[in-house]
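Quick one: structure below, then a few questions.
Letters A, B, C, D and E mark the chains in the order given here, with residues in each chain numbered from 1 onward.
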Amino acid sequence: MNGAFQYFMNNQDEVIALTLQHIQLVGLATVIAILIGVPIGIYLTTNDAVADVVLQIAAIIMTIPSIALFGLMIPVLSVINQGIGFLPALIALILYSQLPIIRNTYVAVQNVDPNMRDAAKGIGMSSWERIRMVEIPIALPVIMAGVRNAVVLSIGIGAIAAFIGAGGLGVLIDQGISRYNRDMIVVGAVGVSLLAIIADTLLGILQRVLTPKGMNINA
Amino acid sequence: GNNEDAGGNGESKGSIEVGGKNFTEQFILAKITSIYLEEQGYDVTENTNMGSEVLRQALENEQVDLYWEYTGTGLVNYLNEDPVASSDEAYDLVKELDEENGIIWLDAAEVNNTYTLMMREENADELGISSLSDLADYVNNNPGELEFASNAEFASRADGLAGVQDTYDFEFGSNQVVRMDSGLTYQALDEEQVDVAMGFATDSRIKGFDLLALEDDEGFFPAYNAAPTVRESILENHPELEDTLQALSEKLDTETMTELNYQVDMEQRSETEVSREWLEENGLID
Amino acid sequence: MTNKRKISTFIRYFFYGIVLVFFLWAFIQGHFSIIFEQTDEFLRLLRQHVLLVLVSSLLAVGIAIPAGILVTRPAFRKLEWPVLNLANLGQTIPSIAILALVMTYLGIGFNSAVFALFVFSILPVLRNTVAGLNSVDPALKDAAKGMGFTSSQILFKVEMPNAAYPIMAGIRTAMVMNVGSAALAYLVGGGGLGDFIFTGIVMQSQEYLISGAVPVTLLAICIDFLLRFIEKITVSKGLRRSAETAEAS
Amino acid sequence: MIEFKNVTKTYDGKVNAVDDVSFTVPQGNIAVFLGPSGCGKTTLLRMVNRLVPITKGEIFIDGEQTNSLNEIQLRRNIGYVIQSNGLFPNMTIEDNVTVVPKLLGWDKEKMRNRFFELMELIGLKPDDFRKRYPHELSGGQQQRIGIARAMAADPPVMLMDEPFGALDPIIRSHLQKEFLQIQKEVQKTILFVSHDIDEAITMGDQVAIFKDGRLMQYDAPDDILANPANEFVSTFVGSDRAIKSLGLHTVADLVNQLKVTPVAADSRQISLKTDLRQILSIFFNEGYEELVVVDEEKKPMGSITIQDVQKYLHQTNQSA
Amino acid sequence: MIEFKNVTKTYDGKVNAVDDVSFTVPQGNIAVFLGPSGCGKTTLLRMVNRLVPITKGEIFIDGEQTNSLNEIQLRRNIGYVIQSNGLFPNMTIEDNVTVVPKLLGWDKEKMRNRFFELMELIGLKPDDFRKRYPHELSGGQQQRIGIARAMAADPPVMLMDEPFGALDPIIRSHLQKEFLQIQKEVQKTILFVSHDIDEAITMGDQVAIFKDGRLMQYDAPDDILANPANEFVSTFVGSDRAIKSLGLHTVADLVNQLKVTPVAADSRQISLKTDLRQILSIFFNEGYEELVVVDEEKKPMGSITIQDVQKYLHQTNQSA
């Protein structure tokens, strides 16, 4: 541990640069994943048949091992000369984030007490008013939980993206293996874990802030 | 890296993407190049930790502008030529052929990072093995006994394990070949997980772990001299790069490289530190 | 109504279509060639991969379930909080890092890989076991107690069967992740199909990539499928409905 | 006024959930839909605000056919209270109550005033509740807020689906009384679903009894108790329906109808407002042969015996 | 016979949840524990099978002190029905019902027979339900299975904690009647928790009323209705308790107590088993001045008027 700390002190700039790279990759992937996943999740609640299919597909994608997915994307993306580096990593992370985000959104909106939906309709809300004023606010905590899952997952998988040249903290682990250098591995591992813990905590706070006060009871 | 613009006169000379492969020597070469170019006033981004093929594609795809490649690798892997044993011949050939692809090989350094097969010294003594021919005899007499550690690349390259086996006429069974990350083969040997391993001639761990690099008595392994490879278009915009990088090539040789590797791998110093120190010692930066 | 059905059918076949096109493309391009040219090698790696997954998962299940049961017993309840938090913390460490760290202690090779995978699989199983046991309606335990069940009868006849769904889900998650993580074993000389994948990445060889990545993916999907099947026969039918809601959360 | 004309509902080709139902609810009345579970009460109610599309037949509100109106508009003009109150947990009590006015684009001032008005009406202190959330309220309070919300935009018509269904009997009867009080002021036309005969008797100006989607009887509560239209209604309201009906009548009703005997001695006095259930309890508990009825100024008007009660009930039941 | 002797329960040093309670439930009787929420009913019940340890005092079952018995053995000899029925969702109905016999090591044959017997008893077709799971049953059916399960090993004592609490009133009163029918056959000693006075009156041979852990009154239901021991009991049972008590008495009770007048004309006949609630309904609905009481052989015994009913009730209430 001491050695790891020493290593960190000696290579601060490097480690920080890699951390920023990691954050950039995961951050961008998450934002895009939310923009795609949440609307899909909401749409799915209006169509159970499609929901089944989409959730199944997302679950299948989740079972694809990350290194295999990176591997599969290299030949495909090579067609546009982007086989390695940031883009395949980004796409892989977006794909992996879809299941937790879509599923949580779908489940959360689906589980909004049917009476709420009924009340909203009966009161004369249009579909959009209902989604905006009732369904999303009530579903938000669960959607956020999905986002948290996705982010923690992405941070971990992001470490593997180093092998296809996407940079990030995985580089430390990868090189640490090559050099049989425990200190590097520890710095990489701790860095990734800290990143995950911090992201999870921050998102947890955000989740609490976004949760309508009246619903703290089930938070 | 320290990003201050010491050498430049405030004006940036342009931005350069320096690439590198996924083993220590490449990290050092990339780091030395980056620091040096930065001091010269370029905006440098570093992009290392790639496999050879990936890096080469990145160079062609303009994701990377410049990196250190080995002549042997260029000939065999990218140009599909037969390996050439002589350093100079190999360099001339690869430089000439690769120009058609728009890739320029700048002056090569005296660093010959050729492949080598290694054993633990005392084990080799015991088994009476000192050259690849000895190894071949031993394996042929005791099939299935010796285990061999390789990285993924060597294990599947035509000029790698398959070529050695062809030339010396022996074969490790597929059960005897253990694949692992590039840098780990020395460790695997040291830990007695395997009996024979591939390695790079310049790797310091050969010395560090008391390993014996078996003699390539039939001269199978071609020369693998390191030279900066650049895309033609980059050189057109920055003709001065040729001279600039020559300053580095001149000062680097196999011994120096081994020493630098030793500092990073065995003494576990950071490549940044080691690179900067070397540049300073050689008066390339202040 | 029929319109919605049409959309779902379209999406389903579109997905199948993509997969099919991918396979066709890969076949026509000869990207599966390694499997046919180096069949022995492929089978050896596949066996190794399966072995990595099975040994590590069985060890993990064998330890995590008893541990999960232990920390939910009243006498050891105090352990639950630290154990769960440790497990949660542990899960933020990516598999690759665990693998690398284990290697620096246990050295290179199959055993290190197995141990790392074992450590990595313990956590989800442990977490789900604890969560599953805790989710059993206290009224059920109360009813059982009131009818004169002994503590071990309560555990085996009431708690475990009713927690079976989340526990099985934990095992499934762990094993599926395990298949993927086992592909990283190459890095520490642990073998498995990762050898092909990494060769493919390093060499930019579509043949190696696809000959490695596709079987690994299929392996993961098969294991998932198999475990779903096992789940179906081990989890009581009476729990099917609550099981569906559990999966959602 | 709400008019049902041969209304029928069939869910995907199955038997009729509501079967050819016709009746009219006069302006300002409460009509209770009564019947066993699954008889189509909720379905019929929800056809009024078109949450359930009508399969056959028509519904008119104040002469306008509902199907001719814009759906959203229609719903905003009908208050809707659902069984579990359906308050939005993410909104404060004030936001919940003023949600329809907000949809209608009222200005803040007006919404605030309306909120205060409504809270007074349902007997909750506006300032105590404004910023609270539904889960911080008791079941009974939530129920009242649900009613306030439905009344917020002062809709002439209200639909209430077992609004007191989930409450315990004591709070329930309390809220029933309170709501009747409110209704006296607001005079809405209300359709009210219940499966509890006692509630129907207490709340309804009319009671509609359904069985398997068909309207069995539509009448005032005492008419139903006195003259069940058929076997089903008769068993549904129960053999002790006379005792059930006790709470519907007051001494005043009795005195109006029967000639009461002159006042005897200084016996136990009862006011005109006492209902007959209480009267019977007094007879049983205290054993008097006669009770003295006094008017609002406590002046004795005459006395009644238990036989008078019997006679009265018998007559009412016969005549109705 | 179950005897409570100065039983007290204190949860971690707080006030007493059950406070120095003593009373005895005779063999074969149903004692209903009644009282507002939090008064200690559940706690007292669970002390009987030692799910809650007794802080002070003793409980005897058929003379044996519960604390002297093996805990597991004790519980297997006491049937236990909890509010939410607590059926095991992972077991089929048959497995649920026979779970205690299985613990006791009965053989398969015997368990199967017992299952059929019990299902007959609770009025469900054994073959229809054997292989089904709890979630496939309606609430009322689940409740009955819960009762069958508690009775499976034929325990002499049963504890029932609001067994019909979660059901709607109609199913509830149906199950109550059914259960009383069963009890007539099985004659168990039953402790029954309820917070509904009507249920207590219907079900209890004795009713124990609690407030804040203390026993307020322990008496037969009509005694409680007639002579509430104190203000609390009196308000708890309600002002219309006389009407409530109607269902507790039959014509036979009345005829026993009052001298009935000789038979008049051929008036409406009523049997001795008719309860007074029905009698009153007949008086109200049909308007007779007298009803003719007939004995089991349909021989007229005399006639009664509504005043007789009044007199009887008044007297009973005074005297009890």
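Throughout what follows, a residue touches a chain if its C-beta (ideal position, glycine included) is under 8 Å from a C-beta of that chain, and two chains touch if they have at least 3 such contacts.
Protein names from UniProt, one per chain: A, C = Osmoprotectant transport system permease protein; D, E = Quaternary amine transport ATP-binding protein.
Remember, it's a predicted structure, so these values are computed and weren't measured experimentally.
> Using direct touches as single steps, what is the fewest number of steps from subunit A over to subunit D?
Minimum number of steps from subunit A to subunit D: 1.
> Using the touch rule from the top, point out the two chains with the most contacting C-beta pairs.
A-C
> For subunit D superposed on subunit E via Cα atoms, how large is the rotation, as a multiple of 5°?
My answer is 175 degrees for the C-alpha fit.
> When the centre of a chain is set as the mean of its C-alpha atoms, what distance in Å lies between subunit B and subunit C?
Spacing between the chain centres: roughly 39 Å.
> In whole angstrom, what separates the CA-based centres of subunit D and subunit E?
Distance between chain centres: 33 Å.
> Between subunit C and subunit D, what is the gap in Å from one C-alpha centre to the other?
Centres of subunit C and subunit D (C-alpha means) sit 58 Å apart.
> Measuring from the mean C-alpha position of subunit B to the mean C-alpha position of subunit D, what distance in angstrom results?
90
> Name the residues of subunit B that each touch 2 or more other chains.
Within subunit B, residues 22, 54, 57, 181, 184, 187 contact more than one other chain.
> List, in ascending order, every residue of subunit E touching at least 2 other chains.
In subunit E, nothing touches at least two other chains.
> Could you say which residues in subunit A touch two or more other chains, in rising order?
In subunit A, 78, 83, 163-164, 174, 177, 180 touch at least two other chains.
> Can you name every chain pair that touches?
So the chains that touch one another pair up as A-B, A-C, A-D, B-C, C-E, D-E.
> Using the touch rule from the top, collect the residues of subunit A that touch subunit D in their complex.
113, 115-116, 118-126, 129, 133-134, 137-138, 212-215, 217
> What residues of subunit D sit close enough to touch subunit A in their complex?
Touching subunit A from subunit D are residues 46, 49, 51, 72-78, 80, 82-84, 86-92, 99-100, 103, 133-136, 149, 159.
> Mind pulling up the subunit E residues that touch subunit D in the complex?
Touch list, subunit E to subunit D: 168-170, 196, 239-243, 246, 277-278, 280-281, 283-287, 289, 306-307, 310-311, 313-315, 317-318.
> Contact residues on subunit C for subunit B in the complex?
Contacts found on subunit C: 38, 40-41, 44, 107-109, 186-189, 191, 195, 198-199, 201-205, 208.
> Touching residues of subunit A toward subunit B in the complex: what are they?
Spelled out, the residues of subunit A in touch with subunit B are 3, 7, 10-11, 13-14, 78, 81-85, 162-165, 167, 171, 174-175, 177-181, 183.
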